[in-house]
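Once you scroll down, you'll see the structures, which are given as structure tokens.
Both of the next two complexes hold chain A, though its partner changes from chain B to chain C.
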Partner chain A sequence: MVAAGAETPAAASPRRPRPRRVAAALWSLPPIAALALVFLYPLALVVWQSVSPEDGGHSTAPYTAVFAEASFREALTNTVLLAAGATAGALLLGLALSLVIAFVPFPGGRALSRFIDLFLAFPSFLITLALLFLYGSAGLANGLWTDVTGAAHGPLDFLHTPWGVLLAEVTYFTPFVMRPLLAAFSQVETGQLEAAASLGARPWRIVRTVILPEALPSLAAGGALVLVLCLNEFGIVLFTGAKDVVTLPMLVYTKALLDGDYTGACVVAVVNITLSVTLYALYRTVMSRTGGGPAFRTGGAHRAGA
Partner chain B sequence: MPAPAAPAAPARNPAPAAPGPASGIRFDGVSVSYGRHGEHTVLDALDLTVAPGEVLALLGPSGSGKTTALRTVAGFVQPSAGRVLIGDRDVTGLPPHRRGIGMVVQQYALFPHMKVADNVAFGLRARKTPRAEIPGRVAEALEMTGMAAYAGRHPRELSGGQQQRVALARALAIRPGVLLLDEPLSALDAQLRSGMLAELARLHRELPGVSILYVTHDQIEALTLADRIAVLDRARLRDCGTPQDLYRRPRTEFTASFVGTANLLPVTVRADRDGVDFAGRRLAVPVGDGTAGGAAATLCVRPHLVGLGARPPGGGPANTLRGTVTEVQWRGSTHRLYVAVDGHRVLADPRELRTTPALGEEIALHFAPEDAVLIPAGLTEDGAGHA
Partner chain C sequence: MLVPSKSARRAVHLLFLVLVVPVFALPLLVIVAASFATDWSGVLPSGATLAHYRDIAHGEALDALLTSLATALAASLGALTAGTWAALAAEKCGRRTRRIIDALFLLPVAVPSVVVGLSLLVAFSRPPLLLNGTPQIVILAHTVLVTAFAYQSVTAALSRLDPAYEQSAAGLGARPAYVLWRVKLPLLLPSLTAAAGLCFALSMGELSATMMIYPPDWLPLPVQIFAATDRGSLFTGAALAVALMAATLLVLLGVSRIRTKASYR
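Moving on to the complex of A and B:
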């Protein structure tokens, strides 16, 4: 029996020496301080403002008031439906395009893949403007129609409806799904695809049973990213000029800048943030239990951010 | 172990049915070229037949075209000319999933997200094998490859050798008539490779109906496993024959040097065709009917058939060479001597010597006339016509 306090060297070895742990803690202080200053402090101010009614004091009354508004409930519904719809559309389109780019060799495929990277750098409003030029009431498509038929108006008049916002969001966010998917597809061994084909699998079965299971974590990561970005999207909704499509970020803008209701705006902002963080947490939980499980980890580094 | 029966013909999806166990492969003038105008030829008019149940090794250095030849059978490379037949069926234009072949590649290519049993069942499911039949077939294939105890594991939980066995089981589960093995042992260490070679030989005995095309650059694998070896070099078939034939009677210099180690000496056939002249001395070797007197030729003698001394210990006819020792290497059970004979390097692999000759020492070597093979000059550059 080992006497208390007589710790063997073998037992002690896994513990890091104290000076190294102190040094590691010191190294982590600057980034934590910077994060607190530029992110946590403003966030705390927003939360604090949301429980500070304009008649003084602190209470949850602003929340009760905002939750009772029909405009808030409509904005919440719009936000969730648009985000879910745009995510589903971006996932389907992104998956189809990525499969073609990665596995169907065609001239210009590599250039298209590079363009996806460039597309990610575009601001969202630019895509909306482009869609306006194409499909807007005075856009190219309608102009062509009126030139040809002599009609006073073109047939396309949907950009300011929820469908227009959905189209713009799917167009803009699809590359966000494609980038991680293309990276995952490039890691799928050609040998596996050939083995599957030689065993009698047709292309769709290979996609379904070999490629997709291996790319599932990337697909989920792309989908989660798009979902969170869509929940917070402001520029696209603003630029389509869809007055009837009020989302949570638009409601924040309206309350803060047009109505001067800062507390109400902060309440809506807190709800928006909570929604995003909750969905992100849900995504991480699901991934750690399924797609991100050990079956998919084939030797990658398990660092923070991996 | 039961021999594989003919593949169950799936009623709903007849297309990918295997061609049957007695299939065999035929390359009929198969060429593969790349480039805009087909200027890079990687396989040049290959004519070759793998008989039903035969193991044929495609042996050659990197870039010789052997893997390309295998991939034309699998359907992953489209020939620019010629036909590929499996059994009597022309499969040249068929997609891979309709060819009914089993394939094992160097890097195993197991599906990492599936357990071993699911990997092995993959081909059966793809070919719409009746659901009730699948567990039995999976168990049979895993049993055959000694992996039955690992059915519930993921590939990442297995060693390289075990993964290759699973890959083999996966290919065998569909009971293919043709099995393509593309450098299947190259990723394994020497000890595992030796064990797997014995396993493959056993499997072939248990599956006598399966034709195997075995691509390798390793002469030991080819000599050990193959019923016949086809030697490829620079996109062309250089030689083809049984391992014993190619080793003992190589028809080209390339075959002689690639299948085993060889001493290749430039000689001239004597006018009376009673032996050859080498560096001014006469050597007694059998001269074939096709070799004219006065013709240039290459004499091939295997190093292990070259003995020390002017004569064999037991007497008998022998050719004697004299030269200077330039290098001595100990190789465990043998020594390798490098001897310079009139400016030509001659290797001798005697059994381990108690006393080794010193560097620079003059020694005599001998070899029996019947141990030498004469390669006519016409076949030294290109033996394709004789393969």
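Moving on to the complex of A and C:
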């Protein structure tokens, strides 16, 4: 039986013979070995270095030292607050825009959602650069103000504060929420909406009781993904260039390259990895529970790398 | 269909535009506008010029663009090979093995890119593998970062593939290697080109890991954009950003052409 199964690859028996699986597992070894060499091994070295203080030996002393630094605690708070705020903002904005595109359609709406998708092809730091021209000290909004009032300076000066980072992150990450939401909204039966409306339900009530329950898994998955991406975001913070907005990835960068403190950088890196990998595992669990379709899967995680 | 009254619908659309135009449409427009200007102190930029683009055509910016293109090409080819191989092997494995491979290949998405850069610095700064300071380390970092996306798109494409083709080829006596080469890969070709385009775009815009590891003789475009804006040359930075966006878009458009061509086969 086993031999016959090995001869005919498409054996339709419900339990496949073992040797074929072993062969398949062997075939998966080369890419895994490559990944281990260039990703897992370096990552393990980061953890190893984080418990190896400069003066030799191995201890948790680097952790105690880094946790005691005010700059680290500030960076941790900043990272978590900014990520939570940006996720909340992206969820609200993404939900509102997707609702209009899907249920209050207008000519050009589809093209518009395509255009918003375009954002996913561009790196995040372009948004910060654009905000400099929109709300910077010399830029569109302040220029409008000085032209109209004749004042020497415009009123807007928030780009180098956490609010500037927050605005950039909300802008950049909203499309990540909209993609899965629009996919979920296209599954909602219009008949249900019409039935609810003909029974006298007001639009807000239809959204709350018919549409939202259907879209909740997509909303949760999109939110979790954006939260992870915000925790890891570096380009936006770097381009903002504000001294008082330091996040964990920024701290890794300054510790390693500007201070030359590799052990400290590794400690911060381990903290950052722990935070985001835990969240990402949660996100994957939500996804497998809700069984998101392929479009949903590739759409949501599309641009997570930058 | 949700808002029956016409005036209410108009109000909703107006609100929608008020939200969308400043948040999504303006950022791309202002970057393009600024790239043709020398000064922005009023509502509109002033001092129209093509100087920034002339500088790109024969300066270090052109080197940066070519560096980025070479890096993205190498990284997406590497990522596509590794990701496709892993996805094809994982499909044949048992459920538990497949879960492990999934987790391993998606891990780079969850790890911050800056940390990926740091880990390569820590691992490859001493012999036997001394890569620190070479272009290879940048390409390696980009490959690691985009492999997850190649793996993810190929896995999704495989799950959509109709197993009947493969089964009938095998039933007619084709060997596994022949089935893979003549049946499966051709069927996957549209998804593979789409995945390649995605990897290329991601690598073109990669900044976080690159900032950690770039050697002085291998400056990709995003690093150059940061250097320009950091020293206050915002308008030069805008022109470089337009070059980056244009190159990315051209590649994505080219790939989508291949995809439509391939789908007719």
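Side notes on the structure shown:
Definition applied: the second predicted complex is superposed on the first by the 259 of 306 C-alpha atoms of A that agree within 3 Å, B and C clash if a C-alpha of one lies under 4 Å from a C-alpha of the other, contacts with A are read in each partner's own complex, and residues count from 1 in each chain.
Everything below uses one rule, namely that contacts are C-beta pairs under 8 Å (C-beta built on N, C-alpha and C of every residue); 3 or more make two chains touch, one makes a residue touch a chain.
Quantities reported herein were computed from a predicted structural model and do not represent experimental measurements.
Using the contact criterion defined above for the overlaid structures, shared-chain residue A:V46 touches chain C, although it does not reach chain B.
By the touch criterion defined above, A:D157 reaches neither chain B nor chain C.
If you count the residues of chain A touched by chain B and by chain C, you find the higher number for C. When both complexes are overlaid on chain A, the residue A:P213 reaches chain B alone and has no touch with chain C. In the superposed model, A:L93 makes contact with chain C only, not with chain B. In the superposed model, A:E54 lies in contact with neither chain B nor chain C. Contact with chain C, but none with chain B, is seen for A:F103 once the two complexes are overlaid on the shared chain.
In the superposition on chain A, A:D117 makes contact with neither chain B nor chain C. Contacts of A:D259 after superposition on the shared chain: neither chain B nor chain C is touched.
In the superposed pair of complexes, A:A195 makes contact with chain B only, with no contact to chain C. Taken together, the two structures place residues 194, 197, 298 of chain A in contact with chain B in one case and with chain C in the other. On chain A, the positions that touch chain B within their shared complex are 189, 191-192, 194-202, 205, 209-210, 213-214, 295-296, 298-299. Within the complex formed with chain A, the chain B residues making contact are 16, 74-76, 95-103, 105, 107-114, 122-123, 126-127, 154, 156, 167, 170-171, 174, 180. The touching residues of chain A, when paired with chain C in their complex, are 8-10, 20-21, 24-25, 27-28, 30-32, 34-35, 38-43, 45-46, 49, 93, 96-97, 99-100, 103-106, 112, 115-116, 118-119, 121-123, 125-127, 129-134, 136, 138-140, 143-144, 146-147, 171, 174, 190, 193-194, 197, 203, 206-207, 228, 231-232, 234-235, 238-239, 241, 248-249, 252-253, 256-257, 262, 265-266, 269, 272-273, 276-277, 279-281, 284, 294, 297-298, 301-306.
For chain C in complex with chain A, the touching residues are 1-4, 9, 12-13, 16, 19-20, 22-28, 30-31, 33-34, 39-45, 82-83, 85-86, 88-90, 92-94, 97, 101, 104-116, 118-124, 140, 143-149, 152-153, 156-157, 159-160, 166-167, 170-171, 176, 179, 198, 201-202, 204-208, 211-212, 222, 225-226, 229-230, 234, 237-238, 241, 244-245, 248-249, 252.
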